[in-house]
Structures are given as C-alpha cells and as structure tokens.
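In what comes next, chain A is part of two complexes: it sits with chain B in the first one and with chain C in the second one.
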Partner chain A sequence: MPMAERALPAPFRRAPGAAVALVVLVAIFAASSGGRFLSVGNLVSLSSQVALLLLVALPMTFVVLTEGLDLSVGALMGLAGVVAATAMLGGWGVPGALLAALGTGLVLGAVNGALIAWGGMPAFVVTLGTMGLAEGLALAVTDGEPVSGFGDAPRLAWQAMIGPVPLPVAVAAALYALLHLLLYRTPFGAHVVAVGGNREALRLAGIRGRAVHAAVYVLSASCAALAAFLLVGRTNAAHPTVALGVEFDAIVAVVLGGTSFERGQGWLFGTVLGAAAIGVLRNGLNVLAVDPSLQVVAVGLLAILALVAGNRRGGRART
Partner chain B sequence: MNGPAPLMALRGVGKSFPGVRALDGVDLEVFAGEVHVILGQNGAGKSTLIRILGGACRPDEGHVEADGRRVAFASPAMAARMGVAVIHQELTAVPHLDLARNIFLGREAAFRNRLGLLDLGAMRAAARRALDAVGLRADVRTEAAALDVAGQQLLEIAKALSQDSRVLVMDEPTASLSVPEAERLFAIIRRLRGEGHGIVYISHRMPEVKALGDRITVMRDGRRVALLRRGEAGADALVAMMVGRAVALSRPPAQTPGAVLLEAEGLSAPGIADASIRLRAGEVVGLAGLVGSGRTELLRALFGAERGAGAVRLGGRPLPADPVRAAAAGLGLVPEDRKRQGLALGRPVRDNLLSASFRRLARRGVAWPARLEREARSLVSRLSIRTAGTGVRVGTLSGGNQQKCVFGRWLSAEARILLLDEPTRGVDVAAKAEIHATIRARAGSGCAVLLVSSELPELIHLCDRAYVLRDGRIVGELAGAALTEAAVLRLAVAQEAQAHAHG
Partner chain C sequence: MNALPARIGALLLLALALSLATEGFATATNLLNVLRQASLLFLVASGLTLVIIGGGLDLSVAANLTLSACTAALAFKATGSVAAAVATALGCGLAVGLLNGLLVAVVRVPAFLATYGTLWIASGAAYWLMAGRVVYGFPPALRGLGTGFVLGVPTPVWIMLAVAVAGGAFLFLSAAGREVFFTGANEEAARLSGIPVRRRRILVYGLSGLMCGVAALVYLGRVNAAEAGLGDPLLLPAVAAVLIGGTSLFGGAGGLAGTLVGALILTTVTNGLNLLDVGAAWHPFVTGTIILAALGADALLARRGA
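On to the complex of A and B.
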C-alpha cells in the first residue's frame, strides 16, 4: 500500500464514499438549514433514524461479505411489525410480541438461507421471492390497514432515553458491538469472509460453509425483525408496508462503507459511516423540506457514486 | 524397504471418472524422512493421486493406509487431522482475511479464550512462528490479497507446517517461486525430511527432482511405470519413461529480425518505472527477473491493462492504453494466472479458444456454428489440446491443456505480437516442448514474442534476446552469446539481499 494512502485516516482510506459524503453533507446542511439541522431535537431524531437503518445494514454487511444480498428485509419488517402488533392485541404482552416478531424473522431467514446455501439458488432471486411473500402476507393479514390500539409500550420504548442516548441508538450500538465481536473475534466471522472470498479454502479446512452461508441470512432477517419491533413504536402502529425500500438504503450503506460485492472484502465500521451518510442525507433533505420522492433520487445518486468509487478501488487491487 | 511401516501408503488404488480411467492399480509408499517425487505428464493421474492422498476424493478400488492401518478419509479436514497436508498449486488463501486467520482457518478453536472469543494475540504469535518457519517476512495482520503469488505459496506451506503434518504433499511448489525463494523452500524441505516428515513432491523440473528426490515414482496414463531410487535414472531416461518416447527440445534457429513492431519508451505503471523496449518481427524476446521484479506489470502495461506515463508505439503509431484496442491491433496477452484472468472456466473449450476471434470468423456479423467448430477443432489439433471435444468445459481440463487454450485464443485471433507470461508454468515436459515449438513457429511466421519465464534454461533456450528487470526497472539487455543463465542472474539479483522482501 503506498504511503500516501496509508497517511489518510482509516475512514477515507477504507470507506471513501461514506466518509466524503458524510463530511460534505453535514457541511452543506449545517450551513443551509439556519441551525435547524444541528438542533438537539433534530440530532436525536437523526440518530434514531440512523440506528434503525443500522439494525438492518449491519447484518446486511455479513450477507454482502458472502457475495450475497438480502432484498427481503424491508418487506419482512412490515410483516414482523404486523405480527408483533397482532400479538400485543392478542394479549401476548411486550416480550411475547418481541418473540413473535423475532420468530417471524427467524423462519423467513431460514427459508432464505436454506434455498441459497443448500439449494444453490442466487440470493437475488430467492430474497426477491421472499420479499414478495412477506409483503403479500402482511397486506393479506391487515387488508392494507395499519394495526394499532395495543397500548403505549412500543411508543415509550422508541422514545425512551438511556441517559442521554435514545433507546434505538443504544440497541444499535449494542448490536454493533456484538456483530463486531462476531465478525472479527470469532471463527464464524472468519468463515463468513471465507464464504465470499474462497469457498474452496473453507471446504479444504473442513468447515461447513453452507451452514455459515445460511446463518448470515438468518442473522439478517432476525435483526430486521428486531428493527420492525422498534419501528412500530415510532407511530405506535404497525403499517404493513412501512419499511419497503429499507433494503435499498441498507445495501447502499454497506457499499458506501467500503464493503465490496466480491471476494469477501469489507469493513463493518464502514457500514456505520455509510448508514450515517444516508441518514444525514434523508434527514437534511427533510429539514430543508425537499420532496420525499427526490430524497429517493438523492440516495440513488449516492449509491451510484459509491459504486463508482468502489469500482475504482477494485480496479487497482492487483499489484 | 522393509522395517518401519510407511507413514502413508496407497495400495492398488483405482479411480475412474466418466470416460476416464484416472488411476489404475497404483501403489505408493511414503516413509518418514524421505522426499518421494512423483513425475508424470498432464493426465498421468497425479492430480487424482493428490486428491486421494489429501482426502478430497475416495478411491474406487484399493485403499489408503496410515501407519500401516487402513483408513478412509472422508474429507480433506479428516486427512489433515491424520497428519496429511496438501499444498495445492492453485492457491487457497482467502484474499481478505489476514494471514493469521488464513493460517488457522478451520482451526480457530485452539485460540478461543474463556469468553469463546479469539485470542488474537496468541493466534498472531503462532502465525508469526509459522511464517518464520518458511521465511515469509510479512505482518500477520495484512490481508492475504496483499501477498504476491510467491508469498501466497509460502503462506500455504506455513499453513501446512502449522498443522504438525507428518506427510506433506506439494504440488509443484516452485512453479511460481524465484530462484532464491525456491532455494529457501528446498532448505525447508530438507529440514522437514531431517525431522522425520514424509514429503510427496510433484514437479516437472529435473534439477529439483535430482536435488531433492530420495525416491521417484513415474506415472503414465494412470499407472505407475517405475519406482526408482535416487540416481537410478538420469533426466533423459526419466523423461522417456514419462512420455513413452524421446522428446526433442526445440532449438532457436539463427534469425534475422525484421522491422520493429512494438516499441515502448519511458513506460511507467504500478510496479514498473521508465521501461523502454523494442520488439521486432520474427523475434522471441525474453523478459527475465525475479518474481516481483515487474515482469507481469510490464506485460500488462504494454497491453494497456495498466499504464501510467510513457508511450507505446505499434508500427510507429501510438497505441493507447486500452486492452480492447490493443487486442484489435494484434496484441495478445497470455496471463500468468490463467484461472483468474485468462479463461472462463465454466465455458466450453470452443468459446474460450474463439473469444478473441469471433469478429474475424464472423461473416457479415454472423458467426456460423459450423465455421466456429471447424476453427476450434483445428486449434485443438494444432496445439494437441487433450479434451473429449470442443464442447467440454475448460475448467475440467488439466492445467497444461488449459494453458494451451489461452494460447490457442491468440493463435486464432492471429495476434502479431504475443505477450506470454509464464506460458509453460505447471505444464508437463511434452506439452512444454509443443508450446516451445509453437512459440518459435509464430516468430518464424513474422510475429514478435515477448516471453516472461522464471525458468532460466527455458528463457535462454527460446529467446534471441532478453531484457532483465530488477525492482521494476530494466537493468540490462542481453543477446546472442552474451545471453547466458549466469549473466541474467547476475543482473537480476544484484542488491537482491537488501531490496527483496514480501508484504
């Protein structure tokens, strides 16, 4: 690695897309919003938004490291939220509702993982299928109407502060810590990288690569279900289609964060930077009252910029 | 050899694949403290033998013994636990894992602390010891992708040694090593032999066979045709046993080179600086230097795959840095890493052979299948590619035949300037001679050839002239009588001790 690159701080070296976007966007919004962007209230809301995205994007990093992707998480969040709300209406209580949501994620993740790892089917096709399945189920169960009337517990959880930290942020931080240890300090983490980088090496080492491969989809879906539970608290209602498109933001966050779709190259902390960049972009455009449709355009542009930056890096990989 | 039981043995092992009898009643014994060389052409059954030894596949007939007891390896991991490690020629590193995690892939449990987390300190210390044992000086925290091919090979060996393997199976370990690196490896092999390891060593290089082999098994067509002790047969006799006939090596006829076809001036790119070279029609020009000296990079820069400053001229006209235009202008690059850069392994032989010449073969934009098939068949027979047909997937062919396919592509494209990177790496003696003959024939028909080879005898033998690279710079040009192994080595290794390091 040339000296010039080594001298750069890690974020600019390993996740240039996210780092540059973050700096530029924060500067633009801070300067143009007349103090509204940097107000305490907005920062709390921004951090909760980023936290929610991270609950999906962090496990998505594992999926992308295996040269896969999980398109089903957004639709699953709708379904898991509806399941949780229905469970609460049915008197299961908050813990029961959480377990019901996680169970939904577990099942869908297991289906994804089994079809991809053992069935040998492309992740794109499988998760596109389960995406439709989850979305359809959620709509069928609710007739497209939000489920509500289950009390205040989810809203209180969403708004709870642990010291100065909003609960969703604390949950995301805890998940980051957990997944960081999982990726970098356990055999499983090394095997995830190997599934994407060199499956033959894994086979020769006597590892059940398929189980590892399937596990990342279970992880992804379970975390999405957890996010769905928190999301129900934001409006204190479970909307069946509320999270459609989250998979898009999550995948963009992962790619912005310097994780490549090829050969198991990636960086978990980069995903935090990527999610922050997307959160800042969406929140800042909100503060400036930009049309929501144009926000999607902006995230799309950011994604393309990230891919361009990623390609340039990839092109120089061989020495 | 009576007395102690062999560390490992194959007894009457047979293995068939659809349409191929890969092994037929093969016996092999590996004793503690010996280097057992296996010689054989492509398709002689060496790869299958390695797979059976390493637990990657099971024999149809016969059985495997370890310490005199019958065993059945269900997997490579089980073979590893029984003390058999295979160092594959195709590298098995995970590119974006660090060296420590690569070495202990699948064996991380040994480094778990009370919390079940990896004790990275202990793992890295152990990895450092493993790398020291093979003399690979690299930070164990760097990713394997940062190592060059030679470094990754040493990593493989370090990995095997760290498993306390008693039997090491090495598949052409020196194929991508420079001379000093190979010497270092031989020292390691001799030390391991002294420590009571048994080493199965597959190589095509006669000097190595002579220097290392305590016993030699010669294979042909899936059978063992000879088992010899050190010194029982000379190189010529061994080659004759492998091929079943005498092979004449090609001799470069005296050539009067023609016009300058390709010319580079002050060419710079990642890994090379200020390189100027000239290729004339009818010439075979060598590019010598140690692994990592910038040979591959120079070829790629000429082809336009990667180029910084400097100019390349083709027949006097500037050639832009664009591989597509280079190919259209008559340049052909045969890369070193054929699996990664040269071939679409899942595609048939035919597609791989013709992928650069569809345009030439097409008539008014339509490439007729019959015409393609005819061309592909003609290439298969001209290059003696051993395949069941042109529709067979390239990935199923042996290494030498894959290499011939890459070569055939540029023959078919009628490339006038061939850039060849280690075209005979991992190729058996007979195929090597065929490739040599093809190279000379191309030059004879007015092409210019630039040849990178780590095998100096090959380079000296084939080339009219050679440039020598060191640390990315051309440090000399040798031609005619001045082109000798000693002269090339002197130029290539000067300051080597200070300058050459991995990582």
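On to the complex of A and C.
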C-alpha cells in the first residue's frame, strides 16, 4: 500500500513504533488517571524525565547507526555522578565537578571506542566489560552508599527554569540541535552513517572510518556523563547504581524511533518520539502506581512489539 | 582450541601464585569450594558457549537463572513437591530460552537486542513475583544438588562434568552439533548447504535456557534461598568465562573445555581476592577489567597474526 503509506504523517511513516505507542499510551493514561497524568506538575516532571533519557538516547542513535550499541552508559552515569559529587565535596566547585564527570566519560568512551574501532571487537562485549568496570568502581569507592552533602547547586540546576522550560529540557533541546547539525549537515554525520551502512566504501574513499567509529562511543559516554551530572541534582545525592538499565530504555527509544541496527538507516527525531513514548509509559505507570519492576517488563514488551511490527513491515517491503 | 594448554597453564600459574601468597588457598576444603562455585558459573556459561559458537549471543542467562530459581522456589512452597520445583525450574529456563530462539531465528531480531530485552523482562518478572520476599528452606533432596557429595566430590561438580562431557559430545560428535559450528561460521553458506539454520538456532537458545534451569536448581540447593536479582552478579563472569575460554565471539569456533577452564580461572581469581581480603564490591570491577584485558590481548594477537 505505498500510496496510503505516503499519505501518512512523517512520524507514522518513519517511526511507526514510537508514533503509535505515543498516541495510544497518552490516550490510555489521560483517560484512566483522572486528570493526574495531564496535570501541569506531572507534565513538567515527565518532560525532565524524557530530557534525561534523551541525553543518553540521542548519542545512542549515532552508536546504533554504526551497527553498534553502548551497554555501559547506565553504569557510567553512576560512576560519573559519584566522581562529580566527590569533586564538589573536595572543593572543586560546580564547573570543576562537571569537568571531572565529563573526563570520566571521555576516558571510558575512549576505551570503548579504541577496542571496538581499532581492536575490531564486538561492541556488546566491550561495553559490557566497561559496564562492569564502571559499576564496580562506583560501588567499590562508595561502598554502595550515596554521596551527598555538597550543597544545593546541583538541585537548583535540576529545578531551574529557563523561561517556561525546565533546564534539563533546555539542555536536551540544545543537544538535539547540535547532534542534528552534526548528523545531517557535516561530513562526520555522513561518515557515521557510512560506518554502519558501507564500511568498505568508506575505506576505499580513504576516509578514516575507525576514528569516526571510535568518536561515536566517546560522544555517547560524554553525553551520559553530562546526564549523570544533572541526575545528581534530582535527589541532590550521587547514587552509584541509580542509572543501571538506562541504556536499555535508550536503546529501545532508538529502535522505536525507526533507527535500524542492520542497515545504517536512522532518524534522529524518531529517537525523540521513542524517548517520549518510553517516558510516557513509565510516568503513566507511575501515576497509576504500577510496580516499578513491571514497568521494566512493559518497556521490554513494547520493544519486542515494535521489533515484530517493524520486521513485518520490512518483510513486506522486500517481497 | 589449540590455545587450551596455554589457558590451563595460566590457571595453574594463578593457583601456584595464590598458594604461595595466601595460607588458605591450597587446602582441600578451599579447592573443593572453588570447584563448587565454578560449577554454577560453568552451567550458566555452558549454554552461552553453544549460542556464541552458533553465531548468536544470550545476555539473558543470569536473569533467566534468577527467574527459574524464583519460580521453582515459589512452586515448591505452593506444592511442597521437589518434583514440581525441578519441573518448574527446567520448564521456566527452557521457555525463556525458546522465546529468545524464536525472537532471533524467526522474528529475526538482532541477538543482543532480543536477549537484552528478555533479560529485563525476566528480571522484572522475578522482582514482581517475589515482591521483596526471600523464599527459603528447601528439603534435603534439593539441597543435595548444591551441597551434597558423591565419592568425596561435590555433587554440582559432577553435574558440571556431566554437562561438559555431554555438551562436548553434542558439539563434536553429533551432526546437529557440527551444524551449529557451521551456522556460526557462515550462516549463508550453512543455509545453502541445506542445514536447517533456524532450527539449530532455536536449539542452542533452548539449550542455553535449559542450562539456566539446571543452574537454578544447583543455586537453590547451595544457597537454600531465592530472591529477585540473585543471578545478576553472574552475567559478566559468564561472558568472561566464555571469552577467556577461547570461544570466538564471532561464532564458528570454540568449545566447552575452554569455558570450563575460563570458569575455573575466574572463580580462582574471585576466591583469591576474598583470601587477600579485597572486598566483594571490587569483584565486578575486576571481572570487567579481565574482560577488557582479554579483548585487548586478543585484538593485539589478531593484529600480529594478520
């Protein structure tokens, strides 16, 4: 039905999983929560939640475009938060703490990138290794206890409003603008797509595909460190394991958003829709007081439904 | 596989170093303890080895172990029957494994994504089922699987050896096993040669799930308690055991003997850390570092060989 598909708005054509899920979930929660879901207070907290997920999911789109994935971001966020909190306790000030967190991300991202791009190792096992390393280090230096007592600056940053927009949302919007330009308006973006779609052509064209490939993991880890810094403000404490599993939400957001693991095809705005769908799902289940462990199951089922649906569409297109 | 002697050598060197560095390592009790702990890790890693040889990946093994152990514990408490617990553990493990197999082979979801999804689903389901409870207290028939001895050797070690031998026979002596290697080495060529690639894929994921069920029973026997999240610390070591054991992450090469040595090396390292009074919080860090070091070494060796 190519005619009918062309008549659909872009989100339903390019990211059907995210678009359908978003519409259906918003309708369900708006109808069943007695106004609590659509209250202003809840929408502000929902938007900050989605913004935080986007800081991880947007760069994850780049990683998935190279046919890779980064399992280490959730653990890294725990470690970077602990590093930032410790730096603030040590009198480094807020800029110093931010730099320390970003530095942590930079180092782990470089390890991922080097082993994957130059070592030729599978991304899932490399990033699983750095996940263990980061999680273990965060747990070992804190004994599993949250780090706090560093003043109010992170909490004020998390709650700050720029006009009507919460600061985390503004940061996510700025990152989106930056990554959109990077992906669609620069040679780097074209190379990222080519690393996933056609690595051989890239090599023959004399482009240093490996550096591009590695840079994607540095980008992913640095953005996760930035997200970690903001996350510390939410409870004004750095919990070593607070973000474990964020990588799963991020990967599902990317996949729901219509980016493919196998064809070097993707859509950055689709990731925004995917992250919104997951944010709505988790937030709505929270409002309805559904057990957090079942929320994880719901995200997993949503991902599998989207993949099965996407596969059927793909199958139809091929035949 | 030809690097197996080197890996055994590394294990022996490690054991020698620990014998010299600590008083408690080279005692019969401690060595049997290492073997007993390695058996649980090996059971989880054995199915994963088959999946990786077949060109796939199973990130759900640890969560599957958790869910199988929790459902089996609940089944025992509900019925009071050990047979029901055994059937539930094996059935739950197999069901999660087959779900992975269907997702990968039939729906054609990339393996790491499908099994990462079932990881979170199984883990979330276990948290929901247990609702914060710890279910404990199992009868001797079940405890024996984890703590018993046969001919002076712990029962789980016999189970480990039986799985290693049966799995090795499957991989190297049966036609289906050889076809798993072929599928992992070159899926397209395997399909064109008439190998039922889909069924072989479903088979290895099913076996991997089944081994998680077996591991769940050994776990219940040893720890005598089940709670959500119990298997989480095993995912990294399981992947590391396969990796250190020399099974190719790209599929088509490897074996269970290597994974057995890998599991023994990792357990010996953990045991050594405990004897040297390094806190348990450092274990994931050490395992992660071992994975990255093994990957780095493999990358350097591959470059030199090329």
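The working rule: the second predicted complex is superposed on the first by the 314 of 319 C-alpha atoms of A that agree within 3 Å, B and C clash if a C-alpha of one lies under 4 Å from a C-alpha of the other, contacts with A are read in each partner's own complex, and residues count from 1 in each chain.
Note that a residue touches a chain if its C-beta (ideal position, glycine included) is under 8 Å from a C-beta of that chain, and two chains touch if they have at least 3 such contacts.
These figures come from a predicted structure and were not determined experimentally.
Asks: Mind working out whether A:265 is in touch with chain B, chain C, both or neither, as first, second, both or neither?
Replies: In the superposition, A:265 touches chain B alone.
Asks: A:186 in the overlay: touching chain B, chain C, both, or neither? Say first, second, both or neither.
Replies: Touch partner of A:186: chain B, not chain C.
Asks: After the superposition on A, what does A:119 contact: first (chain B), second (chain C), both or neither?
Replies: second
Asks: Determine, under the contact definition given at the top, whether A:299 touches first (chain B), second (chain C), both, or neither.
Replies: second
Asks: Between chain C and chain B, which one touches more residues of chain A when both complexes sit on the common chain A?
Replies: The larger set of chain A residues in touch belongs to C.
Asks: Which partner does A:12 contact after superposing on A: first (chain B), second (chain C), both, neither?
Replies: neither
Asks: Can A:207 be said to touch chain B (first), chain C (second), both, or neither?
Replies: first
Asks: Just to be sure I read the superposition right, which of the two partners does A:194 touch: chain B = first, chain C = second, or both, or neither?
Replies: first
Asks: Give me the intersection of chain A's contacts with chain B and its contacts with chain C, in residue numbers.
Replies: none
Asks: For a test of understanding, state which residues of chain C touch chain A in their complex under the given definition.
Replies: Against chain A, the touching part of chain C is residues 57, 59, 103, 107-110, 112-114, 116-118, 120-121, 123-128, 131, 228, 235-236, 239, 243, 249-250, 279, 281-289, 291-292, 295-296, 298-299, 302.
Asks: Show me the residue ranges of chain A that touch chain C in the complex, using the header's touch definition.
Replies: Residues in contact with chain C: 69, 71, 111, 115, 118-122, 124-126, 128-137, 139-140, 143-144, 245, 248, 251-252, 255, 261-262, 291-297, 299-301, 303-304, 307-308, 311.
Asks: Provide the residue numbers of chain A that touch chain B in the complex, in ascending order.
Replies: Spelled out, the residues of chain A in touch with chain B are 1, 181, 185-187, 190-191, 193-194, 196-198, 200-207, 263-266, 316-317, 319.
Asks: What does chain B use to touch chain A in their complex?
Replies: 56, 75-78, 80, 86, 88, 92-97, 101-102, 105-109, 112, 116-118, 120, 145-146, 148, 270-271
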